[in-house]
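Okay, so subunit A shows up in both of these, paired with subunit B first and subunit C after.
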Partner chain A sequence: MRLYLKYFAIHLKSQMQYKVSFFLTALSQFAVSFTAFLGVYFMFARFNAVDGFTYEQTLLCFSTMLMAFSLAEVFARGFDLFPQMLGSGEFDRALVRPRNIIFQVLAAKMDFTRLGRLLQAAAALCYAIPKSGVVWAWDKIFTLCAMVICGSIVFFSLFLIYAALSFFTVEGLEFMNVLTDGGREFGRYPFSIYGENILRFLTFVVPLALFQYYPLLYLLDRMQNKFFMFTPWVSLVLLIPGCAFFRFGLRRYKSTGS
Partner chain B sequence: MIALKNITKTFRVAKRQAGFGRAVKALFSREYETVRALTDVSFTVSDGEMVGYIGPNGAGKSTTVKIMCGVLTPDSGACEIDGRVPWKNRIAHAREIGVVFGQRSQLWWDVPVTDSFALIRDIYKVDGKKYQKNLDELTELLDLSEILKTPARNLSLGQRMRCEIAASLLHAPKTLFLDEPTIGLDAVSKLAVRQFIKRLNAENGTTVLLTTHDMQDIEALTERMMLIGKGRILLDGSLAELKTRSPDPAASSEEIVAALYKEYGI
Partner chain C sequence: MKAYLSVFRMRFIGALQYRAAAFGGIATQLAWGGMEILALAAFYRANPSAFPMEFSHAVSYVWMQQAFLTLFVVWSWEADILSSISEGSIAYDLVRPVDLYGRWLCQIIGSRLAKALLRCSPILIAAFILPEPYGMSLPPGAGTLLLFFLSAFLSLGVVAAFSMLIYISNFYTLSAAGIRLMVASLADFLSGAIVPLPFFPDKIRAAAELLPFASMQNMPLRIYSGNIVGPDIFKGIALQILWLLILFFAGRAAMGRALGKVVVQGG
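Up next, the complex of A and B:
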């Protein structure tokens, strides 16, 4: 953990070197997700509710999703850029250093320009929390925190799987973006609006709904069952195949070298 | 001690053929070709020895180095470095070796070199006193005092290579692998790097294995050289032995090696 902070400091120093670029990128990141926010806003300017969710409730959903995603992106950017790391031979360097590989990839890249997105998520969350009509008792606060934390770990696992895939193929990984960026975009609305089948897919295959839809129902008192409070923690099982797949890819890399 | 025994390594490479039709076909069924990168490579290097490893491009030098560092796993054969199998216990092994890949940088591009060094210290868990001692020594020997505060991106290639070598030695490894450490350097930097490697080996007894294309590196540094071609060790001996193989006593070592490449058809 202390070593992670040291890496953190060196990345911060590096990115401070390019101030203008840093602020412009952060600003554009902010702008991009702001359009997503506008999308939700205009939608509700025409309709009062989507699938029974009001504007403020949807905003709560939108901002937790965005928060989870941007946290994962700030910290796990190394996995996002993993194909480049493999190509440039930077990964071989990681292999000759006496530290855990996943840790090293995690620490290899940190992207603070993504803070623009994080900031917006925080702002939207600050607006939605009092307006959503939720009575914030301890169990609700706990659930909301779990949604954000587990959500970012799920996105992290998806990044990990994406990285592991690049051990096998250099290009054609765009389809993973359907799950990560797509998950973020579609996650603006509660997943139930996309229909039964999509919801089932997002529950049992790629468990995005476990930290978005079900705990949201609990927050909004649509479900009283305490189980829904804990579904975000269930979604963490994705980390197991994620790590296993990465290790498998690594073994293959060591025997093929490309 | 480094001991390799019957190391064999093959790569599967997709066959690519020219032409659009073939490219489309390759999309569906790809033909693979097995390339033998290393065949039956065996050698030992004793503690404190310095060995030059030469061969043309694509002969398998880097593959051998990568196997000894634990980056690659061979298909068959045994490799032990001070009793450790590199690809079995990667972390314990990494702590005891130093590696310089001449073509790539391990320094963080945008921060002063000292900051990179400090992070490497923490990665290797070198304790403060020992680190300071090593750093002072390396700074003096490699003449780094002027450039330590400069960001790596502003260094010339020669300056950067000196920093790369220092970075690989901060944890005082017993074994050092240098993969083309003098590539692209000017005469002054080359001499400085050579002189340093020689001193390191003589004074600290560090085992050094370096790959190079530059025969002068070999002449200046090592008693023993190994010649590899097409994945096989063709020659393992001293430079003097090599010279006796040449019919022309006045031939430079460069010419002798070129003649050898021809003789072995590599």
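Up next, the complex of A and C:
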């Protein structure tokens, strides 16, 4: 952990060397997600509600999703850029060091410009929290935090699987973007609006709905069952196949040479 | 002219090589388009009378958008051009007896066209096969189809000429990734990439339809889907031609000024 903090400090310092470039890139991340919010706003200005969810309730869902994603992106950027790391042979250097390999990839890259997106999500969340009609009590706050934290771990697991796949293909697989970027983009609406089959897929196969749709129902008192409060924690199961798959890929790894 | 054509052909053939990437892209875009349509369907169910286009028009809009994505999106950059500016290999380009603006424009158009041609047919086939509410329909008539092709071509020109302005701005800033991302996301939004223009609130929509961004994907997609009909089509196409000319000459002028000052660092 202390080693990780040290890496953290180094990355932060190095990215702060080019301050103007850093802030511009962070600002642009902010702008990119801003247009997504604007899209949602335009849609709700026209249709007051979708599937019984109002604009503010949808924002609650979108901002937690975006927060979870951007947190995962700040810290797990190493896995996102993993194909390049394999291609350049940088990964071989990591293999000879006496530290856990997942830890090393995790610490190799951090991208703080993604905080621009986090900031946007936080602003939207601050707007949505009082207006969403949720009666905030300890259990609700706990659920909201769980949505963000577990969500970012689920995205982290997806990045891990993406990285593991590139052991076999060297190139990154664009299709994984449907699950990561797509999850973020389409998670702006509660997943139930896409119909039952999609919801089932996102519950049992790629558990994005477990930290988005079900806890949202609990927040909005649509479901009183306490179980829905804990569904985000269930979604963490994805970490197991994620790590296992990465280790499996690692065992079959052949260097690309340099 | 021959030189431009050969640049175009080189790019075209080059981009056709990445078939595996195209395959991944096709799968992604099919899933993406499907989700987009399911979301629109949910809004349609919520309040059909507030839906500003016919649902089948919106479905065609989304599928055509996904099929020709690489033709129209602003954020697809040419890595070659960017690196030639930041790394200085532009010095070689300047020695060549071909006008640089035209050369880059052909390069952009060529690679966009090739990527789109590689990807469009499987997506189109899938979109036509899909069952009733979610499948794509043919345009109202053969004339509309021809006008769609004309408008799509103009729209490609507008996108390319607009992105040329951004490449040229790179002469001044060097580290422009942030600005590029910001301008591209704004342009894509105003061209109807995230939410089609008819869904915008009325006043904003009226203003947005006059901007150059509305001459990008907005026009051809809405002509194809049947959302824009009759004399409005010709007005739209006239506007596209106007913006294309403005952006083209603005780009040439800006390029001339930028090249007058260019300093290639090191050798």
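In this section, the second predicted complex is superposed on the first by the 252 of 258 C-alpha atoms of A that agree within 3 Å, B and C clash if a C-alpha of one lies under 4 Å from a C-alpha of the other, contacts with A are read in each partner's own complex, and residues count from 1 in each chain.
Operating definition for what follows: a residue touches a chain if its C-beta (ideal position, glycine included) is under 8 Å from a C-beta of that chain, and two chains touch if they have at least 3 such contacts.
Just so you know, these numbers come straight off a predicted model, no measurement behind them.
Q: Using the touch definition from the top, say if A:28 reaches subunit B (first), subunit C (second), both or neither.
A: After superposing on A, A:28 lies in contact with subunit C but is clear of subunit B.
Q: Count the residues of subunit A touched by subunit B and by subunit C, then name the partner with the higher count.
A: If we count touched residues of subunit A for both partners, the winner is C.
Q: Could you say whether A:7 touches subunit B, subunit C, both of them, or neither, answering first, second, both or neither?
A: first
Q: When the two structures are overlaid on chain A, which partner does A:97 contact: first (subunit B), second (subunit C), both, or neither?
A: First partner only, subunit B.
Q: Kindly classify A:244 by the partners it touches after superposition: subunit B alone (first), subunit C alone (second), both, or neither?
A: neither
Q: If we overlay the two complexes on their shared chain A, which of subunit B and subunit C does A:126 touch? Say first, second, both or neither.
A: A:126: touches no partner chain.
Q: Using the superposition on chain A described above, determine whether A:255 touches subunit B (first), subunit C (second), both, or neither.
A: A:255: touches subunit B, not subunit C.
Q: Taking the two structures together, which residues of subunit A meet both subunit B and subunit C?
A: In the superposed arrangement, which is not itself an observed complex, subunit A uses residues 18 for both subunit B and subunit C.
Q: Which residues of subunit C touch subunit A in their complex?
A: 20-21, 24-25, 27-28, 31-32, 35, 38-39, 42-43, 45-47, 50-52, 175, 177-182, 185-186, 188-189, 194-195, 199-201, 204
Q: What residues on subunit A touch subunit B, complex-wise?
A: Checking each residue of subunit A against subunit B gives 2-3, 6-7, 10, 13-15, 17-18, 88-90, 92-93, 95-100, 251, 254-258.
Q: Which of the residues in subunit B end up touching subunit A in this complex?
A: Against subunit A, subunit B makes touches at 11-12, 63, 66, 69-73, 75, 87, 90-92, 94-95, 97, 99, 101, 103-104, 106, 108-111, 115-116, 118-119, 122-125, 151.
Q: Show which residues of subunit A lie in contact with subunit C when the two form their complex.
A: 18, 21, 24-29, 31-32, 35-36, 38-39, 42-43, 45-51, 171, 173-175, 177-178, 182, 186, 189, 193-195, 198
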